[in-house]
């Protein structure tokens, strides 16, 4: 595999999930694969789970690791072609990507949406800039529009916990004081479209995700109705896509509660604001899968890195 | 051993000191112990000695290491139970601690006192939050009220340099332009209470440490008198405990000088402000043990990590 | 070898270049050399190439690595002797250097010129402070006045690409919106003085480099004339040395163009501002050696570390 930019780079989702679950039982069995090879993790934004789990996955595969907070430690990057670079940017993505390619075998990149300019965010200039100009495989550690390592971890978690052949999964928007990106929701929706599930998205009007991504998905504005008989409820905030980057409402009636959850398993990518997105009782109860999702981030990253290493 | 939060977690101080001195002769003899295991160092505050020596100790034990500056690189943590997290904090300690526990086998934490609110500082919300919610051993790399890796390094240094069976040790307050925490002084006092020493604390009035910690300790407000015939003088600034967080005086007559030191050995945890806390001539002379104390930070951390690894 | 502070620490430049070119074919052949040894990289300034390539070089040699951004993660350093440290600095270079020496076998340091005070910059207080007080070898990862790892990488690149026994090399100043240090230019000039080359420096009046460094070098103020029949053109901005730290002109007619370059190979240390320092067509064309220079940073660092390790 030459890149992992979105879940479209997964050739067979059921196989990957099976392989991850098997890998989890003996995480260091492929230590020889990464021997003498190096991964560089470039963070343009903060990270806890991704930072640690991707390192852990790389260690499990015997890779050497370089971690860099590009924003603070490197140079301000230019992305436009043909610019006269006499302003704030010091280095062009063309050089940066080629240079990084000299020092490692795989580069993983985190660069969030800025939520100021939809066109710019959707251009994914950091991720796609690296993908275009690097001569080594590029892994997406959450970009403006996608978080495919999270989605794969979610698939693994669903694989481990589903008891029905076609479970009902609900993606339920939650209130949040800040404008958050669509990346996690987008990748989860794309994942659901490739799974044997009954899938419903529920959110207040105005919070419709990118319609290209939700094409053919069932959207239900009545949260209570959407949640009926759910097996898994994935809760996540995102800001408005049509009124790009705006917080249209913080209506607390959309917070997930024990009562609303019913018998379903609760999922969230973390970090999560307690008693805003979801009430304490769910996170502290035994229907929550959030810690297992976080744990599966290691195996999600490890499968991706393994697939890449096998083709190096 | 399941944690190292304070020197109370040392079961036998003389044994640990002996073991550390022996380890120092062949630091890599237990490389197999850490094989395939990972430690995560989480810094909520700056660090030079602790950052490097704890990494070095982990390397000597064959551990894999992940270092994270939590403040800049992660998410703002919430510590209160039941909070509606609609303000500045993005992630609850409950999730953070459980999540970190998924990716490593030991977590070490540095989180200083803020010196604004005694009750809050003494609650040790970061350290105790991790200790409570993590499922892996937690090591204190300096918390609000304790610096037990430093105290253990001090014990090793004393063990290497004492020539009397019951040496006289003086903890002498020194002036400083900024308000500094009590952590180092607290742990040193607790250490002295477990050693065969004649121990005196000297400081200006108003600089009494937490009386629970100094219970049964001799306090002498006359520095000159306290220092008489001392074998070891440990110099350290701290701010007022009763008038919490305040600098009551910067009286330079409390600075340690060659004349005052006499024949005693000089100790300090570093960093040290020259000619404010102690005069140049001491640090540049041969009675100073500060570099050896810094060196022993490696072996102090290594003994702690070894004890933990042996129980994993 | 006990240090690598400037290219004067290279005993035989042709041998080192040959050895690097040979090393490049099998970069991990000396993995045993670094076994059980540790290098600490201390950054007082930002870095991309140096950060990653020096880590890569250390990995290739089997070294353990600790990376620290001293400015953000450590304590503000004092460099003056005898200071009463009651102001902004918390730790003296004497202690810092000795302490770091306890935890590793080699220390590498990046500390740029501040361009405010020529005397202070030329005193190289950070680099020389460590060199003076550390008990371990010190490597310069770009200091106020020198960038000898870059110069050595440039020598390797020239060695790989020269087709004449005595090629013509031109160092050509370029415009830039910010005041940049002289370090790269200085080290390149010193390198050229030790090579079998015809060497010319060209820049606008007022941009003369330190005359001690350019002693016996040909300086030509007419860029076009200087570039005639050049085999290699090294382009770099620097600020005024006589009017220290000032940008005297941003005259865009000094930008390197395809037309001016002729048949010469183009060199630059990166990062480079496109269409200010050099036009796109050069960087995107096949006469540019900049990515190879960046690649050779690994082997430049690796030769230096190898030479040091051989004497430990």
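Letters are used for the chains, namely A, B and C, taken in the order the chains are written, and counting of residues starts over at 1 for each.
The rule is simple: contacts are C-beta pairs under 8 Å (C-beta built on N, C-alpha and C of every residue); 3 or more make two chains touch, one makes a residue touch a chain.
These are the chains along with the protein names UniProt gives them: A, B, C = N-succinylornithine carbamoyltransferase.
None of these values were measured; they are calculated from a predicted model.
Undergrad: Would you mind checking the shortest number of contact hops between subunit B and subunit C?
TA: Minimum number of steps from subunit B to subunit C: 1.
Undergrad: More than half overlap in residue numbers between the two sides of the subunit A-subunit C interface, or less? Answer same or different.
TA: different
Undergrad: I need the rotation angle between the copies subunit A and subunit B from a CA superposition, between 0 and 180°, in steps of 5.
TA: Rotation angle, to the nearest 5: 120 degrees.
Undergrad: Could you put a whole-Å number on the gap between the CA centroids of subunit A and subunit C?
TA: 39
Undergrad: Provide the list of subunit A residues touching at least two other chains, using ranges where the numbers run on.
TA: In subunit A, 72 touch at least two other chains.
Undergrad: Using the touch definition from the top, list the residues of subunit B that touch subunit C in their complex.
TA: It comes out as residues 28, 43, 46-49, 51-53, 55-56, 59, 69, 72, 177, 250, 270-276, 280, 283-284, 290-291, 294-295, 297-298.
Undergrad: Under the definition above, what is the set of subunit C residues touching subunit B in their complex?
TA: Touching subunit B from subunit C are residues 36, 38, 40, 64, 66, 68, 70, 72-75, 78, 81-87, 89-92, 94-96, 98-100, 102-104.
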